[in-house]
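Here is the structure we will look at.
Should a chain be cited, it is by its letter among A, B, C and D, assigned in written order, with residues numbered from 1 in that chain.
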Amino acid sequence: MLVVMQAGASPEQISRVIDAIKSLDLTPHPLPGATRTAIGITGNTGAVDSRQLEVLEGVKECIRVTKPYKLASREMHPADSVVDLPQGRIGPGTFTIVAGPCSVENESMVMKTAEFLVANGVKFLRAGAFKPRTSPYAFQGMGLEGLKILKKAREKTGIGIVSELMDTEHAAAMEEMVDVIQIGTRNMQNFSLLKRVSQTRKPVLLKRGMSATLEEWLMAAEYVMAGGNYQVILCERGVRTFSDHSRNTLDLSVVPPARSLSHLPIFVDPSHGTGKRAYVPAMSLAALAAGADGLLVEAHPEPDKALSDGAQSLDFKGLQALLASLRLMAPLLGRKMG
Amino acid sequence: MLVVMQAGASPEQISRVIDAIKSLDLTPHPLPGATRTAIGITGNTGAVDSRQLEVLEGVKECIRVTKPYKLASREMHPADSVVDLPQGRIGPGTFTIVAGPCSVENESMVMKTAEFLVANGVKFLRAGAFKPRTSPYAFQGMGLEGLKILKKAREKTGIGIVSELMDTEHAAAMEEMVDVIQIGTRNMQNFSLLKRVSQTRKPVLLKRGMSATLEEWLMAAEYVMAGGNYQVILCERGVRTFSDHSRNTLDLSVVPPARSLSHLPIFVDPSHGTGKRAYVPAMSLAALAAGADGLLVEAHPEPDKALSDGAQSLDFKGLQALLASLRLMAPLLGRKMG
Amino acid sequence: MLVVMQAGASPEQISRVIDAIKSLDLTPHPLPGATRTAIGITGNTGAVDSRQLEVLEGVKECIRVTKPYKLASREMHPADSVVDLPQGRIGPGTFTIVAGPCSVENESMVMKTAEFLVANGVKFLRAGAFKPRTSPYAFQGMGLEGLKILKKAREKTGIGIVSELMDTEHAAAMEEMVDVIQIGTRNMQNFSLLKRVSQTRKPVLLKRGMSATLEEWLMAAEYVMAGGNYQVILCERGVRTFSDHSRNTLDLSVVPPARSLSHLPIFVDPSHGTGKRAYVPAMSLAALAAGADGLLVEAHPEPDKALSDGAQSLDFKGLQALLASLRLMAPLLGRKMG
Amino acid sequence: MLVVMQAGASPEQISRVIDAIKSLDLTPHPLPGATRTAIGITGNTGAVDSRQLEVLEGVKECIRVTKPYKLASREMHPADSVVDLPQGRIGPGTFTIVAGPCSVENESMVMKTAEFLVANGVKFLRAGAFKPRTSPYAFQGMGLEGLKILKKAREKTGIGIVSELMDTEHAAAMEEMVDVIQIGTRNMQNFSLLKRVSQTRKPVLLKRGMSATLEEWLMAAEYVMAGGNYQVILCERGVRTFSDHSRNTLDLSVVPPARSLSHLPIFVDPSHGTGKRAYVPAMSLAALAAGADGLLVEAHPEPDKALSDGAQSLDFKGLQALLASLRLMAPLLGRKMG
């Protein structure tokens, strides 16, 4: 259920509604918007008579939400969400680039990459310290050492850090050292992990599960939001189908329905989506045209020497060329490159 | 196997190579290019010693093609193919719009649509006279009457006609009355039908099968080309996956690999791909950005009264808005709207 | 809509109901059952007041069928359908084996196979005269010559012949020479072909399309039945998924829902389903256990020399072993081997 | 790499080979078999000269394993694995039933179920204390309280307990209270969790991920085995495809290839696989026929009152009927019901 406050409702009025919801043994989720505040309600609302809340001062109306996800739904929050970060805002009117290597390999390559990105106007660096690998015998990432290197790059260049969290054990360290916590495709329904990141103050970039429907994906976002962390960024990264022309089937067609059903920003990862460097630029432009809010794109100083996923990484020259094309196209679509 | 002629090879030299191939009980397929001619060879080439052909005058080299498709492969024809039609050329440097209703419903709506399209710079009309319908009890199209209406629209406005052929029985009538013969998704591996259209002089728009891999799709194109009809246009229209946010999963990610493996033009059908009008404009722009050569898009004077697929049809105003966006974006991607 | 007659309704009463249906511009489909007759009605039944029919003598009730398929639905025909053939009945209480090579290769191997099958109690031979091949350069079958060889085998041994029809052109020849006409997976939605076989008196074995839902499959059966041919046998042969451990994903799980929603017999083809000889026996036993009515299984005198699909063919010894296991298991499941 | 010892190799000889492997900075995994011991080697074996090991006393041969999984591969361990539990052995020659409710709801229903199962010869009870639910608002299981109830049922009836572990946090409690630790489909590639259970002495039942290939599944098993826990049971539970006739597509066709590529026992869960009670018995019999080693089947005293997944639970009478059918069929397939 959703309580929509009047445009001019006072903080005290909002506060009283929140108390009233709590007194019904339900959980209020205040969702401030540009013109008015809405308050989502989770818990068993089946038995609640909405008139109890509608009579309170400052309340415009009560709406029963019919989707199984509530906090993530556009019904509940009609305006596009914004995720504010020290390096810039993510969301409406912007197109944000997050670039970097698949994994942290050593300090020098991370520094080199961070400096290159900053010099080229890219505000966020992605790199994995903990790597989910199909084989137990493959390189599993540098772990905490890797996180420290990322932190150093942030301190030196000011670049925002996006990195994947694989388990609750490392959540606190991650929380301290990165700007955006990434939940990988294999953990989209690792509900214990989702509950843990719902407790952090850092935005969460939630990759779509390899065979997740849009509803399941939004339900996973709902897990994070229901715990109180409303800063969720969706990220399409390719789904699993019969199709074998690329590593996964990058599902750009999910962008318009996701934007229609949810207010959350949505990114696209064309690198994992295609698995092949040569296809990344075309799919990046297509992601922008399809309405995505940003890209997660792999770039590596020397892709052919990468410890993981080199085949899908752009080199620096390739990334520069892509950025140039995006910069030309973004204004036509009402976006400012971020 | 492929024989590549020297840039300055004379018609006589080419002719002698063709004769030599025939004398080996193989079939030559001359493929003239901008700078040089190549000659594809089909048949059992396993036992052929390529030196027999390489010693002929005017021959640059012989290449064994390793893909199961040959005539459709870029290895065999490195330059992009062009399909020339009275209304304009389809292929490199252009972005061609084919628009119109799902099915021919009556003469007045077809005329209205044709005139609207011509007035808005659209050179091709799509409309089905024969309709493949999942249910035997659904409207099956107007049949030959429908074709006659399309022919009349062509005569009156000069617009090019694209329409679906469902069986060999109507191939001759179709051949006479339309500019481009469409093979539908359910018939992509109707090999008898493919062989029939390989005998026509009309270009073939070949929709991807609902669960066809790129290789199978190119093999279907090969069926048409092996019969001597080299004018094939591929058309992605959504594939079948677990995903349920749209009618099909429009696989834009197939565009870059298709362009890399084949020289054939590739179109995208965002209407069947998404099944929902609201998602069509975003996916159309994304198709252009992904590198497609054109669109097949449903438009109807009154979508809500359409006999079939109204939910995915744009109305005329919606189509005009989409055309305006495409015209802004096309030049940035090196394309001229056609 | 379905008119259910009383158990003791006379032929005259049934006849009068049929006339009444026709007078409403609808098409009656009498469906005689063990205890009573039902009459399916197709056409636009939306405006029909069922009381017009319910008042007729001998009518028990009128039921509006809610599924998009009617004649194929169990609602309309609660008892399992039986397909009667000179060689034996297919349907409830039986488990029918149809075995043989992928394609007719020459007379001697077909004769050898037919004799082997008859000697081992198998009543139906499958073999393709027309072969749908992904590549235009692959062996396309012996065509009419192949059909004649099959006819000769039938004349000599009495074995029933099951063979695939690929186009309307060869329908008449097929009709004359085989006992069961097979529609292949790639033609499940070749509606022109379905309409043609709806006009034949031969039973149709309808393979499931590679990515067909159960509803689409039953709708394809409905095309055949709506034309007046009620003798349809469904055949599961593997669907297309992400899974790569076998050639297709043999979907045995479709058997119970198909039996629940439809009265038509259902076969399983474990050879195409798995694509690998070693997996065929286990999946054959599983098909019987899952409730299938029969098997379509590839067997070849010398699988390693087969012109097509040898890797999935059992040799004669392998088939004998499988038959022995099936014969042990069938009685436990209330089936008699046929 | 795999070192195969001679049939009569002594413990000292085995021990010396193990030491030799360690001295090469590699990890030995002794795999005792019925007639001989093999020793798997993990680590970077690329540079190892196998002759160094082959010359040791008692060594029969060294084999380079080409699959990406080693410990899970049949190449490495040709005989079927056995998982020994106090309640009975799982593996070759047996067909083991694990039955019970989706989740622990209260003590009385668990006791009732355990007693019913024991009285009917079923040795293992399945029930979830921690439940992975798509919605954060759905019942998440009784947690530790639930585990205690299961422990009590075990103490009272001797029944073996199978229950799902969702995170590393509860691993120790789970280890203490259950006989087999289940890893759910959504956690099949939760590598941190797999590493944790690789450290326990309890067998692990590893459900196939919703869109996992067989190779990825065996790689997940490899994670558990590489950490030293060789007692892994695979469990097919339905995969995600376009097919909508059941909740998931139960992929029985994976059983023969899994048995061919791996020595691990494989179970089937027809309840989650189909999502519908009516289809469970047929698919259970088919699983046995396909070669599975056991079933995980939902049964509930009052399915229609279940807190979760009641629609796919058998009631006690239904389970008894299924057990009776399985008992008839198992001996024909060389299995003893367990």
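As a convention for this text, a contact is a pair of C-beta atoms (placed from the backbone, for glycine too) under 8 Å apart; a residue touches a chain by one contact, two chains touch by 3 or more.
It should be emphasised that the depicted structure is a prediction, and the values quoted were computed from it without experimental measurement.
*Asks:* Taking contact as defined at the start, I'd like the list of chains shared as neighbours by subunit A and subunit C.
*Replies:* B, D
*Asks:* Using each chain's Cα centroid, which is most distant from the centroid of subunit D?
*Replies:* B
*Asks:* Among the chain pairs A-B, A-C or A-D, which one reproduces the interface of C-D, with more than half of its contact pairs identical by residue number?
*Replies:* A-B
*Asks:* Please tell me whether B-D or A-B has the greater number of C-beta pairs in contact.
*Replies:* A-B
*Asks:* Between subunit A and subunit B, what distance separates the C-alpha centroids? Give it in angstrom.
*Replies:* Here subunit A and subunit B have centroids separated by 38 Å.
*Asks:* How many angstrom between the C-alpha centroids of subunit D and subunit B?
*Replies:* So the centroids are 50 Å from each other.
*Asks:* Give me the residue numbers in subunit D that touch at least two other chains, ranges are fine.
*Replies:* 211, 240-242
*Asks:* Enumerate the contact residues on subunit B facing subunit D in the complex.
*Replies:* The touching residues are 211, 240-242.
*Asks:* Which residues of subunit D touch subunit C once you look at their complex with the stated criterion?
*Replies:* 211, 213-215, 238-239, 241-246, 249-258, 260, 273-274, 276, 278-279, 282-283, 285-291, 325, 328-329, 332-333
*Asks:* Using the touch definition from the top, list the residues of subunit A that touch subunit D in their complex.
*Replies:* Touching subunit D: residues 42-43, 68-69, 132-137, 140, 166-169, 186-187, 189-193, 195, 210-211, 216, 219, 222-223, 226-227, 240 of subunit A.
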